[in-house]
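See below for the structure under consideration.
Think of it as A, B, C, D and E in the order they're written, each chain with its own count starting at 1.
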Amino acid sequence: GSALAADKVVIGALRFTSHAPTFIAYEKGYFKDEGLDAEIKFFQAAQPIAVAIASGDIDFGITALTGGFYNLAAKGALKVVGGLYTEDTKHNGMAIMASNKAFEAGLKTPADIKGHSWAMTQQGSSFHYMAGMIAAKYGFPLSDISVKPLQKVGAMIGAVKSGQVDAMAMVPHVAVPLDKAGAAKIIGWVRDLGDYQVTTIFTSTNNVQNNRDKVERFMRAYKRAIADYRAVMLDPAKDPAATEAMVDIIHKYVYTDRPRDKAAGPIKAGAVYLAKDAALDMADLKRQLAWFQAQGFAPKDLSVDAFVAPGFVDSMN
Amino acid sequence: MDLHISDISHSYGATEVLRGIDLHITAGQIVCLIGPSGCGKSTLLRFVGGLERPRSGRVVQIGEPPAGCLNPLTYIFQDFALLPWRTAAGNISLVLEDHGLGRAAVREIVDDVLARTKLTDFRDALPRQLSGGMKQRVAIARALAVRPACLLMDEPLSALDSQTRDLLLDDLLDLWLRERFTACYVTHNLEEAVRIGHRVVVLSRRPGQIREVVDLDIPLEDRLDHPEALETRRRHLWELMREEALAADKELADV
Amino acid sequence: MDLHISDISHSYGATEVLRGIDLHITAGQIVCLIGPSGCGKSTLLRFVGGLERPRSGRVVQIGEPPAGCLNPLTYIFQDFALLPWRTAAGNISLVLEDHGLGRAAVREIVDDVLARTKLTDFRDALPRQLSGGMKQRVAIARALAVRPACLLMDEPLSALDSQTRDLLLDDLLDLWLRERFTACYVTHNLEEAVRIGHRVVVLSRRPGQIREVVDLDIPLEDRLDHPEALETRRRHLWELMREEALAADKELADV
Amino acid sequence: MSDDAKPVPYRGGGFAPRPVGLVGPIVFALVLGLWEAGSRLGWISPIILPAPSQALGALADLVETGRLWLHVSASLQRLVQGWVFGALLGVLVGFAAGLFSLARAGIVPVVAALFPIPKIALLPLFIIWFGIGEESKVATILFGTFFPTVISVYGGVDNVDRNLIRMGQSFGLGWFSIVRKIVLPGAMPAILSGFRISASIAIILLVAAEMIGAEYGIGAYILLAGNLMATDQLVAGVAMLSILGLTVSWVLGRIEKAVLRWR
Amino acid sequence: MSDDAKPVPYRGGGFAPRPVGLVGPIVFALVLGLWEAGSRLGWISPIILPAPSQALGALADLVETGRLWLHVSASLQRLVQGWVFGALLGVLVGFAAGLFSLARAGIVPVVAALFPIPKIALLPLFIIWFGIGEESKVATILFGTFFPTVISVYGGVDNVDRNLIRMGQSFGLGWFSIVRKIVLPGAMPAILSGFRISASIAIILLVAAEMIGAEYGIGAYILLAGNLMATDQLVAGVAMLSILGLTVSWVLGRIEKAVLRWR
């Protein structure tokens, strides 16, 4: 530690494996190394993280780009400083699932979703965007999918399990066991629909403008953690010992209500692809914004440049 | 139809309320029950009316009630017990509706009893619009509507002011002179008792026991002509009651 | 301290309640107010006690209240108005606490008035544990505690049964003989009026006007020795009241 | 009159709040005015709270696009169905608890245990039990209104003057007659005031109910506004609920006045 | 006695439900037993509802990992703070509305307009207003308990026997004395029964409150369980709320008994 009082940063997090770099950087002292006194605040949903940054309660957050995010960004409160979870053709990612009932009735591939119902958390959420990706990919209007906002991931699972909704997208560590248990069927993967940068790292406009140095230090620490994560979690078979050590770190924050041995499986299965060095996929961000604007979920006059603060990470394209 | 009360005793939990009450109510007579507050007069009346069952002893009716009698034992309550959401007429028809008499018959009875209690003009008034005296007259009309064999009256006049009380007592006397009903009349008021009772039964304080039975042999219609005789009886009853009241007023009434 | 009521008239909304009342209450005398129900007796008493203000006319006190008097005009209510959450002693100390007398002084006064109303044994009883007569005695004790110059009593005995009422009336008489308080006493009960009143003021039915003022010149202590004289007065008052009551009972009381 | 005569001091009055005509509307106008002014002058950041005029704009948008009626009618339908069935069931069960010892002994503790369960906690289960159609939304509101209705109804039955019931018995009225003609009207004031509470709760639960796959409805509108952080729409939606609440309370007031004319 | 003598028919009784000792516990045991049996025999699919034993298992896990106390204490703290401040404010404002015409005219319509606003609808705004710390959670509960408290308190003040107040005035008691010694104790029964309602509402709002960045708390536990569709944990959490509700109601019952001994 240094003799100087460290800068305080508060990070908003969900108890998901996709937030692992936050926990790794904290546990391994990367934030301390950068002279940051980090504190992690946990949330039950992604939306409040963005609101809390806008209100100045926290400094950094990681969420998907949703309608709520764009509207807050349009008020000039938020700036994206890096990318994180990205769908990658060679790695684990979101699965597209059909209910058993719909599967038997012929819903076997994502292309068949036309005319079916689609479970999602909320309108203008990333799940909604994925429905849009399916429609775009297979060339039918989004209105041919009847979307069902159910507020919670648990409610989505329940609705598909009980056959009340035909299809949904789901994180891999939930999707695979559901498929194995025969409660629903995996019929495709989001990664096959096209490029998609699901989550980004963002901070308040104030931080970008007045505490640029703090943001830079944070990103340095975060990139180290991403590198650690990518080295181990993307290929667990390569170094089992290192994998178990990382699972131990993550288990301190994720699936804490379950014993270590029951939690290890889902943690490993939930290890999604994280962008190298938190690189941003600017082309995809533009695509996403355009879609949200077309749906009326984002202000028409918002541009990507208005809410992305360049210079902290590289761009993929 | 006579009523016979034999050896009634009762207690509520640990409080003994009545002890060994024997009493005969002869048809066509008014029996007044007097006694200090809390001695069990209302309780006894509830037993007589079949609203409650005593621990021991029983109440029997001897002989059949007269024909056309819809409710042999009929109460008149101190607090009138009118349904506030029904008009005067509605309160009376209430007790007729369950007897399957038909609309016209019910209406006829209601009109008749309203007329007999001089309430015809108030048939559509709600209880809250009526004065205390009128409310009790509605209650009396309601009781008359079911042609009772015996009226059970629990301090029917004590909620009224003394002038109204006097007027209503006159009404009741008139009624008795015309109809010669049987009645068991509970009161605190000794003047009432000596004006309307053929017999006055004095109960002791709790546990209520019969202390004395005073027969008043002057016919009801002539009572007002013998003020001294009545006053003597009243004095006598007053002496009986005074000690009881004095003693009762010195006790904690923890209910 | 005398009280003088001059030309009081009042109406509640459209109902005229009192019309042109003039009355003088002399120190040391008990003035009884009688009149049919709803004629405005309670309203008049509220004016006298300063609890309400009449539309026109005024009430003045002439002369100073005696020294040591904490509350010159003190009510005794028909419904006792005891705080159910305070004991007998607590109800009395309630009216002393605001005068900054000190604990010991308050306790002394409370003990004194409890003794004078024979309630010493019940000082820690809650109102629900007391009989009606005892409750009213607590209310009287409370009134005595503030050493009133004039007692304003609104049917103080009418919530009690007749025996208890008689006992309490005796107590009040005793008290007056000892203390010679001034009082304005509202009642429906003519017997009470002729037993305790130096003057009886008869009000007409609503709107209340003074119909007659009857002076009773037999000293209070000798009243029981002149039953016939009292009875004559009572009869006279009764005749005055009867017509009013008869008329009042024929009206819809829409409140 | 002698000169040491003085009027009796007045010490009554007070403790009887009377309606003061226009204060209510004035307070509303004042609050809205200050809020609008604050927003315009920049004292209230638009992130914290949109100006009332903005919320009004959102409402006007709804009217223009014709979606207002879609939302309101969808919500009203759910509200009415859920509330009517919940209240009906509640009245029945409340009467059972008020009239029968055994029913009361069974019902009261169950109600006490289930009442404090938040309906939103059960949403995932509601979806499985009742599906994602109207049933689950109606069920949410139904459950929310059922419990308070039960409590107020059996309280009301308890408070019916036993003297009136004894009177009915003394005239030989049948059990059913007594319940219909004495207990029911006697419990009516309590039942109606229970309806007031349950109607408020039903409106509050609209948002929870419309969490489950609702396309239209005031609750769905609010949820979407919240998701999109469209605070103007959020406030507009909340204002709609407020107005709905005031309307329902006014209607119940009228009904009370009609049904309880006898008081 | 003559032979046409017959006992007077009995027609009283009834309409007075009495406590029937063990029925409550028996009903609970029965429901739980049937539910468990149904689950074991496969009549109730685990998707629809987990067996009580499973929920008990989830609870046991909580106890084992020592997290039960973390959750319960976090929730209790919020509950107590939110409820105490909400009730206190509610009592103050309710007294103002009960005592002063002007205050009443201003407060009553505002309360009527704000009461039916669902707290969950305001969560996004609460975060902005009160942050994501304990303040916003406490505020959610505070707002939920404030309005019903105001209503029941001013109702209680209205119901204080005016005769007692006139009595106080007739003895020249000061305004403050009357409020403290007559109005307050007289309104106490209504205030306490208002507390019963507001305590239930506070428990219900726990889930909504803990939607905002809560790490621990029964509501957070339920929300997480709902997110993961872990129905056993969901039912366990709901059962905790139930027990909390019963406990609070029991405590309030004791307080009522103590404070209202005079009744």
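A few remarks follow.
Here is the rule we go by: a residue touches a chain if its C-beta (ideal position, glycine included) is under 8 Å from a C-beta of that chain, and two chains touch if they have at least 3 such contacts.
Every value quoted in this text rests on a predicted model; they were computed, and no experiment measured them.
Shared contact partners of chain A and chain C, listed by label, are D, E. With centres defined by CA atoms alone, the chain at the far end from chain B is A.
Should one ask which of B-E and A-E has more C-beta pairs in contact, the pair is A-E. Ranking all chains by how far their C-alpha centres lie from the centre of chain C, first place goes to A.
One finds 48 Å separating the Cα centroids of chain C and chain D. Taking each chain's centre as the mean of its C-alpha atoms, chain A lies 40 Å from chain D. Annotation for chain E: residues touching 2 or more other chains are 11-12, 47, 123-124, 128, 166, 169-170, 172, 223, 226, 229. Under the contact definition stated at the top, the residues of chain C that touch 2 or more other chains are 49, 51, 73, 128. Looking at chain A, residues 47, 51, 54-55, 152, 154-155, 158, 161-162 sit in touch with two or more other chains. Pairwise chain contacts present here: A-D, A-E, B-C, B-D, B-E, C-D, C-E, D-E [touch as defined]. Across the interface of their complex, chain B is touched by residues 163-164, 166-174, 177, 181-182, 185, 188, 262-263 of chain D. Listing the residues of chain D that touch chain A in their complex gives 46-47, 123-125, 127-128, 131-132, 211-214, 220, 223-224, 226-230. Listing the residues of chain A that touch chain D in their complex gives 47, 50-51, 54-55, 66-72, 75, 77, 119, 122-125, 148-152, 154-155, 158-159, 161-162, 164-165, 297.
Against chain B, the residues of chain E that register as touching in their complex are 1-2, 4-13. On the side of chain B, the complex with chain E involves touching residues 3-4, 46, 48-53, 58-64, 73.
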